[in-house]
Amino acid sequence: MLLHLSTWTEVEVYLSQFTGIIIPIGSTEQHGPTGLIGTDAICAEAIARGVGESTQAIVAPTINVGMALHHTAFPGSISFRPSTLILVIRDTITSLAKAGFTQFFFINGHGGNVATLKAAFAEVYATLADLNMTNAEQVRCQVSNWYMCGSVYSLAKRLYGDQEGSHATPSEVALTQYLYPNAIKQAVLDPNVSKDHRIYGAADFRRRYPDGRMGSNPALATPEQGQQFYDLAVKELSNTYLEFLGSV
Amino acid sequence: MLLHLSTWTEVEVYLSQFTGIIIPIGSTEQHGPTGLIGTDAICAEAIARGVGESTQAIVAPTINVGMALHHTAFPGSISFRPSTLILVIRDTITSLAKAGFTQFFFINGHGGNVATLKAAFAEVYATLADLNMTNAEQVRCQVSNWYMCGSVYSLAKRLYGDQEGSHATPSEVALTQYLYPNAIKQAVLDPNVSKDHRIYGAADFRRRYPDGRMGSNPALATPEQGQQFYDLAVKELSNTYLEFLGSV
Amino acid sequence: MLLHLSTWTEVEVYLSQFTGIIIPIGSTEQHGPTGLIGTDAICAEAIARGVGESTQAIVAPTINVGMALHHTAFPGSISFRPSTLILVIRDTITSLAKAGFTQFFFINGHGGNVATLKAAFAEVYATLADLNMTNAEQVRCQVSNWYMCGSVYSLAKRLYGDQEGSHATPSEVALTQYLYPNAIKQAVLDPNVSKDHRIYGAADFRRRYPDGRMGSNPALATPEQGQQFYDLAVKELSNTYLEFLGSV
Amino acid sequence: MLLHLSTWTEVEVYLSQFTGIIIPIGSTEQHGPTGLIGTDAICAEAIARGVGESTQAIVAPTINVGMALHHTAFPGSISFRPSTLILVIRDTITSLAKAGFTQFFFINGHGGNVATLKAAFAEVYATLADLNMTNAEQVRCQVSNWYMCGSVYSLAKRLYGDQEGSHATPSEVALTQYLYPNAIKQAVLDPNVSKDHRIYGAADFRRRYPDGRMGSNPALATPEQGQQFYDLAVKELSNTYLEFLGSV
Amino acid sequence: MLLHLSTWTEVEVYLSQFTGIIIPIGSTEQHGPTGLIGTDAICAEAIARGVGESTQAIVAPTINVGMALHHTAFPGSISFRPSTLILVIRDTITSLAKAGFTQFFFINGHGGNVATLKAAFAEVYATLADLNMTNAEQVRCQVSNWYMCGSVYSLAKRLYGDQEGSHATPSEVALTQYLYPNAIKQAVLDPNVSKDHRIYGAADFRRRYPDGRMGSNPALATPEQGQQFYDLAVKELSNTYLEFLGSV
Amino acid sequence: MLLHLSTWTEVEVYLSQFTGIIIPIGSTEQHGPTGLIGTDAICAEAIARGVGESTQAIVAPTINVGMALHHTAFPGSISFRPSTLILVIRDTITSLAKAGFTQFFFINGHGGNVATLKAAFAEVYATLADLNMTNAEQVRCQVSNWYMCGSVYSLAKRLYGDQEGSHATPSEVALTQYLYPNAIKQAVLDPNVSKDHRIYGAADFRRRYPDGRMGSNPALATPEQGQQFYDLAVKELSNTYLEFLGSV
């Protein structure tokens, strides 16, 4: 059930039975010479919808922009400041909690979002307590990164080994190829990709990772592999979501 | 050209020729018993992409949540505070302006966004001047509401007269029916819909407009009319965008 | 009844009968070579006091500075950021709402304030709801621009036609001449005034409108016309205020 | 020279000779059963204009609302949060500093403003340095309280002794009587006025000081004394301002 | 009783008897060629602990950084913006007030903190009232500067006369010598120290006070004098704290 | 070299050779019935000073309060909101970066700080870039948790196995026992300690972990073990710091 394709009366019915909601969050940032700028949002959205279908959960509209300040020296990247993203998350959860939602399950496509999301969750719990909301103490938030699923991680290692890297990875590129076969890009990729892992400011990042990749070889990606990743992530995160709901 | 389906190198090429970008902004809010919660984002996104195609402009990911605080007494609505939305716009434009974009054309689907967007533009100009960015003085922002296009407005008046109303209108519902024919909803609509126009706080809003509609009869909507609205809006806003680019 | 010339015990008596308050808001910004920098505050204050007298409403001290960032490349202009003005309005209304005021009628003298005021109203409603104030749901805010009164607008068009322009207009200059006859200024005005209407950043504004006027010929203004504008605005806004009070 | 009655071209001429500006700041708060709610703004404004005349300095519009949170349990009081007032001061000074003003002399009518003003000055110096403004290092701010002038303080002690108190004092009431003889109020004042000096939150304040006075007997005030205070304050603060300008 | 060396159960017992807490606040800023950068935090912490011992009060961890923006042109200085320090104080008091503390006694070592602390207290009272905390109306905050104790001030004047100055004073240096005898520094001090008192921005401060001292001769300091200052401050502030507790 | 026991001239000399600084950050929060409220700050401070000695690095004053909102239902806990802590870190780094420091090595004692610290680093890099600081691109921040050192973790597992738990652990309690042997606390600990790992809001946390411990048995701790942890952490983090400095 997709929130944006539902009516408020349908949501009212949903809330009479359930209190969980899935929120996809991505990023709008460079993904190397062949990765789509929307990769993280595309992946999170597709998997979140798959999880929503398999668990009958409602899925919120995707948060398309995240915390990607370190990518902003590459054109086309858009980033919220962490302080802005905290407010975005606060407003999103507060709006939904007032209606009765209490379990917020973020399916995330971008590593750079995790720290700010966790900071935001802490800020949100305190804010809801301040508001004297009756269900404030029931509110629970969790972020799950699709690319950190055990099954996904294993497949990526098996298929790509060290060439998986840590940004503009073949696994995420494969998933976008599966979802957008008409948007598969070609470019000559320098085999001497930086093996560094460190991330500081935007100018420093571009100097360290001149074409935007971090240790990855996305040329290995195929749409078929993308489908495998999709299936694994949906299956595993569906279980994670149900456990999250069940656990009090 | 869709930003999220492009690579940063493609954006770099685009920026060597163009400096304009189209940003769709919607809202996630109740639209009466039959209107989709995502109506405003759906409409803005579709029209923005149409305009992007016809003008060869790049289209940013949709801002799915806007300023809809007055709708938040209906379940499923999500809203940013105006102060949050100002930061969202500031961060979005700042990120893109650093890369060389200077003309920001927002295609908007929600009346409640307009005031905050205009406030945000003023804040952004001052922020960019503070940052001593070389192109700060060239940055120009504009918001165009698709439903305020002369051609759209005329058709809506001709088709629906007073029953167009001002929220959960048949014109916007028709457009979503055209775009999502599988998500057409049915419900019995009270013919005594409130004719009020005033908007204050969320609890007051729900009291004034018990089913969420403001003077509208969305039962008049058809997908065919939706296509007409789409075509008119894309055509008119394409011209508006080109004028915006051309005018210095 | 002027708030600043009242005692708190007088306000207490007033609140036992009434819950409305009039708040004049202006701006401190250039108004061309002959217009006073305080024009917008002067006009709003005088008209607000006239409305207060005719309706027995209490009138708050004038907010002398508004959102005029685009004028700040001209010396003497002072502007709040939109984000600051939102807090100014929030604090003002919150203070008064705690005492029992619920109907806030802003009489505004500056077009640049409108968007931010409307954004602020939305922020205020949500803030009051958060505070669990008992009268939060009764709070209603409205902004009325004196220069947009039908009667004022008609007279301006009749007297000045296209030379009314949209900033440093003869109508507002006339009103200040009526109110401050000793502060009537003379200067040679370039007849080739810019006819543009667009407003972006401060440096851009000064380039577009080199002497600060937007399409206007304030040399047409006379103090007698100013009195006419004053009388029309007070009369019309008094009715608007009473309707605002009466409408629930 | 009053900023609000000047044109931008007159300010431009002023700035070719001078870089100082006087900014009156008051408060809108209860002043006991007979003191005007606008007392602090009224006094600061009148004295600032007197100082402006005698020193040929430009005087900005009055900041009518200050930091008076502790008075907000009395109806009619309006207060900024300290965090809001800091932004108000920041925006005011930043606007003027961009035009070339560098010496900001605040004439203050309310003790509760002082701490926040001083905090704001520190914030402003750092903000201007961040903006890389060429004259940032020249900017200097000072607050002078008219009621703390040596000559004013001596007269108040001589006229009223201990009955001067520390809020709703006969000296400030006398000054408003001189300035607004038609707004002189009468009320029976409890001779057992609280002698306490402590100020905490708003509810606590009203409990400590039930009619709003702090140790004062404003029934001693006369308009003639008000004129004396006015003359002394204008004379002394004119010297203070000139010293402030001269000292580098 | 030191909070950081206690358990939460010990604090629970304490709160069953007492509601006061002592919070030392210092600064991390240059103190001339021989004064320690931590002088203000060191002094405030030691004295606060002495007061805690003699009054059986609990002492919170020291706030090591304060408002010292004007010192930041000297290396090693760290400062919060006033707006940041307000939030630091707000969060600190809010956390403790939720647990039942209501009397917050700040022992302060740095003059530059006072204005912001007082602004913060006002902000805190309003924030607690907003939160509908049951004990909000009981919360009282006070700042006492150890160097302003009558007994301390007299001794400093007696020992050093005019050479006490107002920053990097022999009295505070003496106190740090007593507390950290191994960190006594030597340097040749220019006898022509600036006698100025004015404080504006950081660059201006360094120009006015080239070696960081303001009118002081810290070469006069001895550890023995430091002990005298310590004893006097602890004794006097212990009384002040007990009066603060007792006074309602 | 301890910053608070140094003079600014000593820092100036240091900066002529080095650009790194170590910043200990802890928390002030409950640590179960026998753990000290200051545990995290105590441990971080001691280890940071040890690392400073062995690497000749300068060590900043300890940030005693961190992000511990989830502990605030236990008395004595103090927490910054994440949004506040971001500003605290921003101001700290900005102050030091202006003086020439570029490598900021945080030694952290509290897991709850990590997310907010990482968010803050991203915010800082962007802020410094905005300020056009010449060394903005060189600034690098890193957080290292002493309890996550491989050597520390191994010893804890070897000594305590599963009874290490994840809060109020025997390893951190042991370290405080070594550092403060006079503050070793005794209490009967329920052997049925919660094995949960989840952290949401403060009220929920206290319900899940009634005495504050998360799966730990701090009764196993001894001061001798504490010394072992200290030695291991200092040794390992000294290497980590030197690598951090060396790596560009």
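By written order: A, B, C, D, E and F. Residues from 1 in each chain.
The rule is short, and it goes like this: a contact is a pair of C-beta atoms (placed from the backbone, for glycine too) under 8 Å apart; a residue touches a chain by one contact, two chains touch by 3 or more.
As the structure is a prediction and not an experimental result, all values here were calculated from the model.
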How many hops, at fewest, get you from chain D to chain E via touching chains?
1
Same or different residue numbers at the chain A/chain B copy interface, by half rule:
same
If over half the contact pairs have to be identical by residue number, which pair among A-B, A-F or E-F is the repeat of D-E?
A-F
For chain B paired with chain C, centre-to-centre distance based on mean C-alpha positions, whole Å
29
Which integer distance in Å separates the CA centroid of chain B from that of chain E?
53
In angstrom, rounded to a whole number, how far apart do the mean CA points of chain A and chain C lie?
46
Could you pull out the residues of chain E that touch at least 2 other chains?
81, 83, 130, 132
Can you list the residues on chain E that touch chain D in the complex?
67, 69-70, 81-83, 86, 112, 114-123, 125-126, 128-129, 136-137, 139-141, 198, 200-204, 247
State the interface residues of chain E toward chain F in the complex, per the touch definition above.
2-12, 15, 28, 30-38, 41-42, 60-65, 72-81, 83-84, 87-88, 90-92, 95-96, 98-100, 180, 183, 185, 187, 212
